[in-house]
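Here the chain labels run A, B, C and D in written order, and each chain numbers its own residues starting at 1.
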Amino acid sequence: MPMTVPAGYDRTRLAACARSIADAGRALAAQGWTPATSSNFSERIDAGHVAITISGRDKGRLGEDDVMVVDLDGKAVGTDARPSAETALHTQIYRRFAEAGAVLHTHSRTQTVASRLYAAAGVVRLQGWELQKAITGYTTHESVLELPVFPNTQHMPELTARVDAWLDAGRPLYAYLIEGHGIYTWGRDMAETRRHLEALEFLLACELDLRRLSA
Amino acid sequence: MPMTVPAGYDRTRLAACARSIADAGRALAAQGWTPATSSNFSERIDAGHVAITISGRDKGRLGEDDVMVVDLDGKAVGTDARPSAETALHTQIYRRFAEAGAVLHTHSRTQTVASRLYAAAGVVRLQGWELQKAITGYTTHESVLELPVFPNTQHMPELTARVDAWLDAGRPLYAYLIEGHGIYTWGRDMAETRRHLEALEFLLACELDLRRLSA
Amino acid sequence: MPMTVPAGYDRTRLAACARSIADAGRALAAQGWTPATSSNFSERIDAGHVAITISGRDKGRLGEDDVMVVDLDGKAVGTDARPSAETALHTQIYRRFAEAGAVLHTHSRTQTVASRLYAAAGVVRLQGWELQKAITGYTTHESVLELPVFPNTQHMPELTARVDAWLDAGRPLYAYLIEGHGIYTWGRDMAETRRHLEALEFLLACELDLRRLSA
Amino acid sequence: MPMTVPAGYDRTRLAACARSIADAGRALAAQGWTPATSSNFSERIDAGHVAITISGRDKGRLGEDDVMVVDLDGKAVGTDARPSAETALHTQIYRRFAEAGAVLHTHSRTQTVASRLYAAAGVVRLQGWELQKAITGYTTHESVLELPVFPNTQHMPELTARVDAWLDAGRPLYAYLIEGHGIYTWGRDMAETRRHLEALEFLLACELDLRRLSA
């Protein structure tokens, strides 16, 4: 059943994606959100191809050689490099959201700690924060933004099944946490995705502070 | 009833304001006080005009094109750009305080969390901190500095009414918090306003630390 | 009784002091320890003269014009500039410790919060930290380092009297906190003083963390 | 009994070690993990020689002159410089782990505070964190990573005896804390050692946050 996937993507577009991924990596690493070569980033090239970081590289010093192409099933295109196991979580987003243009997975201390604290509840509920309006689709601080927390596993199909189940239940999904692991978020392009990530990190940090101070 | 507002302001003065707003933005964004394109800044051009940031721009990379002119009623002057809804909070300050030369609204984690914690009390009372003396008019740590916390709303007239009510009651006002949202502060010029903001951020952070540690 | 104080100091030495004060200011401001133009720094020129920062300047951008000369009684030498009220706390150290070559007063959040938390006890007792060895005279983590906390006042003679009383009681003094205000520390030269300050900031921060986490 | 140790090492390799040690120092100092000239770093030159930082230098500004050579017993080679007392902790690692290529000892606030909090237990047990996989040999967040905490002492043989006892009991050892003091960690080369250190700092910080927030 495996079939040859043609290298049918625009190389200029790939180079642009690699640059915007490297720019994001530099900024996110500088904030300490990609410790010890963790995290991975991707950007959509076209309807069938995605540019994604190769596993294990220092996310603060990405170059063009640190980005590879996969199709929407996560298979490497035009390269012998082996995509990271977590590639499946990126391509799932591109398959399920036609408008998704970029996916960022980071691993900040706030994201990681929040993912442990809210694991039992299975969800972080954000409400009353003006910055919720930074998430596309939210126009007031009065709405509720639900961020699911999925159990961690080294077996990716379990995770993609949980994401599918959430979406199939008709619940809105802008981002999710994996327990002890980090966050996945996305947007229509890299700028929107970075804004979403920055807003979610801020909101999670505020939520933890409030919890600490309200005790 | 809308009338043509003449572009009767000094363009050299506008350019100077745009530069000092951009400088402030760079410094405040570097400290993480303007997450996800939040926050807005303004500086008085003359008795009837104010330079103010256009909504939605990255506050760490402001250029001249990211600043527009409004009159003291918040109406755009000499531009088709639509001023941000929060412009009304800036122009209110310029109308009520003849000596106000700049207004900064930021959105740090400390400001945001403090605004939630003290929302029920409606006020943060600062006392015993030497740095209160950085606020013009304060000469000793023994005085009390009251910072009101107003409920958040997407409807600006509610907020301006609360500010008016506070001032009409004859209470001193150097800055205010909006619940879950951030801080507004001002001063005679941009340098004094930045000093006020830096001091208030520091004092709020100390107050939260003290609360956390005194528990 | 005021008498003309001769400008009898070496101008080359003054310039060297101004440079090392400016270097220290840049480094300390970058760490956020001098918020809102607070803090002041000095270095000994010779047995009778001290170079000290003029009040109210931005400590991260000090130039030669931001440093003035005072004698050991705190009187301005060769300038019309008025020394800061806190100059008396610097000159007291130079008078009492013949070997003191530099004094740094900063205002970090940690120093300020610790000064409030330990005000009632009147002292912070540090023990069991390896970094105590960074304070000249300490050779083991097993010793106790006592940091007194004096009540804040806008009246300097009260503060100098408290410092005198502590020393006259024969107690060792390497640094002191003023309640709600910040720290004073010193050393034989600027390098040692900066090492002392860096170590004390670190130790106070550890002490607060331990208190928070042991609760 | 002291015998002349021949300078039998490759000077080009030493220069390369000195550069990689200086690079590490700059990066670690910038994060505040080497306060007040604390911390020390080493890299293996060959089977019998180690390049190690000379005591008391500013770890953020290391040059070639700040690195000396010792043999695996910690004796200076080809220099009159006196190695730091803590050199014994480095050479012990190179003796016991033939594959160890670099050792980093740092002194961050998180490491220092964790070492006090877990001193009574004698161990920090890490489990459920995805980033455990950054430690070579760990392939799943489900495993347990034990980090022993040894009592501090100014007498190095006591510490090396504790490390030996741990290893002789057949327990895995990737890093250890010394109470009130900091961390020691190592890896096959400097890149792996820095990744281990970055991961352990992150994991300890998460563990402290979780403890604080779960209270």
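The rule we apply is simple: a contact is a pair of C-beta atoms (placed from the backbone, for glycine too) under 8 Å apart; a residue touches a chain by one contact, two chains touch by 3 or more.
The UniProt protein names, listed by chain, are A, B, C, D = Methylthioribulose-1-phosphate dehydratase.
Quick caveat, the model's predicted, so the values are computed rather than measured.
Chains touching both subunit B and subunit D: A, C. Seen as a C-alpha superposition, subunit A sits on subunit B after a turn of 90°, to the nearest 5.
Looking at which positions face the partner, subunit C and subunit D present mostly different ones, since fewer than half of the interface numbers are shared.
Rounded to a whole number, the gap between the C-alpha centres of subunit A and subunit D is 34 angstrom.
In this assembly, the C-alpha centroid of subunit A lies 48 Å from the C-alpha centroid of subunit C. Multi-chain contact residues of subunit C (touching two or more other chains) are listed as 212, 215.
The touching residues of subunit A, counted against subunit D in their complex, run 35-38, 107, 109, 112-113, 116-117, 152, 154, 178-182, 208, 211-212, 215. Only residues 128-131, 134, 139-141, 195-196, 198-199, 201-202, 205-206, 209-210, 212-215 of subunit B touch subunit C when the two sit together in their complex.
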